[in-house]
């Protein structure tokens, strides 16, 4: 395995269609990129937007949701509920600075092993183009601005003046 | 109101296929359609060119497409089947192959041209049936060609490989058009069979055999003449009768453009329609039947 | 059993080599070593075949020896073996739901090519499972009784056989057939390959057995329009089309037919593929079951455009007399059936040969489909078995049979229809026998892989039937040589001899392929099944569950699942019946406890969830002003769980915290 | 036994929380009787150095309101953490970031530029920016610096309890104080208040239909029916996703809930949950129609995370340009 | 009687030829050929071919490059697209024939004194030079270069055309001839191999999309 950065994709597949399609891709020995980790849910309707945000925040570079085709949902309309949430969530993620390409919803029926392969490969390629999302790294980066204080507190030193000591090192002035 | 289309005549319509242009333009004018010829068009890149370099053929075609788009009429009319196919094929490549598209875009940029891929390329037959409509055509008929038995010959490249405006196995647009101007259509199983034109010049025997089969079948089916939609087909079916006769006996039957027949039905003169340019002359039509005089 | 606290979680991890299926791509010992270092993991092993008896025993032994209270197995798809391992865990004394399975075969070793990447992926998936299983709770499997009656949809040979098998085992069966008679395509066939026994002779006894069996309720001329409920407890709605004859009163005497105002049959006869004629009142074929006539409102003079006019003098009614079986006032009715299981045997439709215009069907009268020839060679067919061209008199002297019409062709149907080679051979034999004509078969590949099939092909070769390997380019009436005049000319490359040939024929037969019914998608949706990309119904597993579907309690047999011949169809119908029997005789279904429930105290009664449930399992308790889930109706999709704005709905097996743990696990590594 | 020492402090907030303490009205006297207030900038004069001089853990409880926005606030939070036995995040800003955390959608530089250079209320062309330090007459005055990220209190220091709300109601404040005084303390990390959503106590609850089927979204000013559930009228109301305890102050006052109490303990991201719930209940099925309906929520972040952006899963807009 | 060996040894193959051809856009499906012979069956010219189109497909796939490029079949293809339309595997046989023609010309392997390649080359040159084709001039050039005797036999046809005004004696030219030259140069600059790589990627992309 090469040491260069590899995209990490978390996929939520519904049990009846897409997960089965992924099994079919396996049985058919189709080959696709190894960057996707599948989490099985009973229905794409179970995909809670929190899961998507959480996956991204924990280091996923993209999230893929796979559900049954319209009219084909094993639970009648779970896939529509997923689609509706997806549409707004995608817009919201863009507002939060996350590219639309990092969230993908696909309808993949149990027979479409080929589509699993294609979608995973395409998404992997898209993410490769976009580069790392790196939210955990960003969190760490943001928190650096607090490190200095924490160090002082650790050392048990009280600060003489609120910010004179650190201000020049971080930023000369609000100019 | 006059409708305008861009017009790509192609090399043949300026040479051996002059009669096609000579009949097409007045017929369309009679139907309130004006064709505006592309300024400085170049060879479409047809069959023989494709054999050398398919990408270059597409680049050639794209220059014409780019000029058509710039001309601003919504659609481009290409009467020659070979041009029609190459222009359409180029459009398909532009859509399906980003690589070919890339090359074409670079080449066009070199001469400050662009092509967005929007201008549809249409055959006159398609325009007449689907844009002008049979009713409008019927209204223009002054002298129905009643009793004239026609073998409709479509040839290959307007129905294959793309099925754009007619059935690939049994096209009927020309049948309907000619029926509308009074002709009788004979059952013609070789409607879309290759005429061999691209070979006649170089490998006479196979090319001529293709032509002979079509002529023979038209005669067998009792046709007075063959109607065609392509200058190469017309030349191949019309120009080699002596050679065919030498090999397989006489097969004399005239081959004319469908536009020439329409012109006749619209009351235009034979010479005006370039009918004198054929090798096998068309038999004089029966005396005109006056229309709308209450006979 | 209560959930042990985090400190006492003791996980056993097992990774399966699956022979070389997994081990060739995933470094199983390395994964096991890695997992061994994770918190709460007490032991971590790799093993050749976890699903084998020794593999399962290993788990059981470890549970007691190492006081495991959680088990994770990394092997194949949970859809395949989750059940097996839950059983092993239970046998080891644990609640079966303290188990989680990691799919490193279908989702990993089989689809990746780099061992390092595949191993890394296996580690992450295993890590996720370890984190997830720590959150698992003990759950109870719910047992639901199975209604013992069975619904069979489709009355062809598959449906007939399945119905009889079940009825003979003492189960009540409802057999629903949309045509006026059962029998399906097989009833139309003349002989069957390779034994050449008469199709009617083997089928009609079974048909009448269905008609008279006390355990079978035959609903012919009817369609299932709706299926509600779940395994063990389905409610089917059946539409009964009006046949304008009371089934109870009709004795099958057919006096009405004889006395119809139409003295001669005039309308194309469906059963004979339009080669014969029938009257507006008719019986589809002599052995039809039920032996009840049917009136076609499209052609009966008492109707106009299907609407009753009463304008006929109704000589049929008079002929029926006291029996009073004819009832023009009949309308569509609906009937509800309660059943526990469903067997789907809806069959196929023949490819429409007009979709291949180059073969001239519909244009040249003497181009026939294979089904037409079946009727033409049949002694009870429209010509009494006399093979003549459509002019009604000329016997063909030369016949060309074109294989693979609408099969193996990306422009029509990609698949091989499996039976065409064999029925073409059979028809070649029958046509030669009936007419003595020269018979040519044009084939791409000769496929004769059944018992006695190759021998049948041998026999045909010896009989002097001609075989040309080449797919026919076109059938034309264009004659190039004098002996082609007036004939249908087939142009083909004889690929074995290496020549392009033109061969003239009097008759051309198109071996049309098999395809799904035009309305197969509607049926599929109604029954909540899946379809393969080609449109045939999808079995749960091609090898391990070939007659099951993804919906519990619904089974498949026959050509609705894919083209197959009669022996295979009957075998499959028997298998489907056996699967249904197994469920019925067990008497109950164990329901996956993945249902959702609402935390009663915490629910604020916002009603967000109520409209989301497609099974109306969620209701509003007006007294408490809180939503309540009826666990019996909940099917466990989890849609309401994802939508509950205050996180108050919990789904067993797919709890928020379980999934969050899994997410954390798959992303735990850089 | 001496009276427990209590401190109130005020970080990035509007001051409303301090008002609430005063709003305890007569109760405040009862409180004051039982405790020693050692720090309360809004009402009394104390110096930093006094607090600094206090031994660690000498304050029984500090009620800190406001988000942590600047270096000074961070320092005070850390100091008060050290000096206090219990640190209580008081009010929405300290609890989940509050309104100030909406700044997490923008880079600091953009905010400063707008406020000091581009805002239409400024003297044109002046573009005066405050200096971090300034020396005049030989004396240096320093100003705290803005952080890039606005944080809830527990993202900076360990927090013992949370009192939610913008502002917390007197009742809930009183409950917190009583708990402290009685020593009958809930587990650490508890949010003081009920753990169910607001609908439970909303007067409009009974008018909620069984089916929503949103076809369009309305704004609160669009002639709405009094007494009827806001969601039933197509107005985004965060009630179902918001912790109860405010006694439905907004909805009984004619405004939909905007979520200041945060989500319940079972929810990790309040905004994601209300989004999920509302979207699931749209009527539309086709992508276009769905988008058309959802266009009625033009600013999902501002709508769903009005008080909770700092504590949402994503916390802040990503990939913002860092400051020079 | 001249007898030649017909057995093929591995050394007779030009390994990789089949893969190369099938990586060109339009030729991708070659590998899917099931040798059913539909192409030969529908081809109007197959009666004159030394190898049937089906055989050409098999030969290309098996890397018999020299045999294919010297066969008449490639040049007898009249581009009527019947095989392409009828092929049950959706192989674009006509386009494969074009590709083979191009390769034959590039490598100079084609039947000697065979006038079709000459025509193709002259056609190409004429377009390059003038932007348009004057058919009669083209025919004359071609006959002169391949078989001058044939040209003499054609005099009657030529005369007939002149008499009917179908033989323009002026040369058709476009005005901005430099434009074509510049455009062609751009095409030449795109390295053919690089192009093929790109085309291959594009092909995969298109294939993936068409499956959707």
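We call the chains A, B, C, D and E, going by the order they appear; numbering starts again at 1 in every chain.
Everything below uses one rule, namely that a contact is a pair of C-beta atoms (placed from the backbone, for glycine too) under 8 Å apart; a residue touches a chain by one contact, two chains touch by 3 or more.
Small disclaimer: the values here were computed from a predicted structure and weren't measured.
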Between chain C and chain E, the fewest steps along chains that touch one another: 1
Farthest-lying chain, centroid of Cα atoms versus that of chain B: D
By count of C-beta pairs in contact, the leading pair of chains: B-E
Chain separated most widely from chain C, comparing mean CA positions: D
Separation of mean Cα positions, chain D and chain C [Å, integer]: 58
Computed distance of Cα centres, chain E from chain A, in Å: 50
Centre distance in Å when chain D and chain E are each reduced to the mean of their C-alpha atoms: 75
Contacts with two or more other chains, residues of chain E listed in rising order: 47
Chain A residues counted as touching two or more neighbouring chains: 45, 48-50, 54, 81, 85
Partner chain C, residues of chain B touching it in the complex: 167, 169-170, 189-190, 213, 217, 220
Chain D to chain A touching residues, read off their complex: 52, 71-72, 74-75, 78-79, 82, 105, 112, 116, 129-133, 140, 142-149, 156, 267-269, 271-273, 275-276, 279-280, 282, 284-285, 287, 290-291, 294, 297, 299-301, 304, 312-320, 323-324
Partner chain C, residues of chain D touching it in the complex: 195-200, 205-206, 208-213, 239-241, 244, 263-264, 266-268, 273-274, 276-277, 280-281
Complex contact set, residues of chain C against chain E: 358, 404, 408-411, 444-445, 469-474, 491-495, 498, 500
Residue numbers on chain C that touch chain A, as the complex places them: 77-79, 103, 105-108, 110-114, 116-118, 120-121, 124-125, 128, 525, 528, 530-533, 538, 550-551, 594, 612, 614, 635-639, 641-643, 651, 654, 656, 659-660, 662-664, 666-667, 670
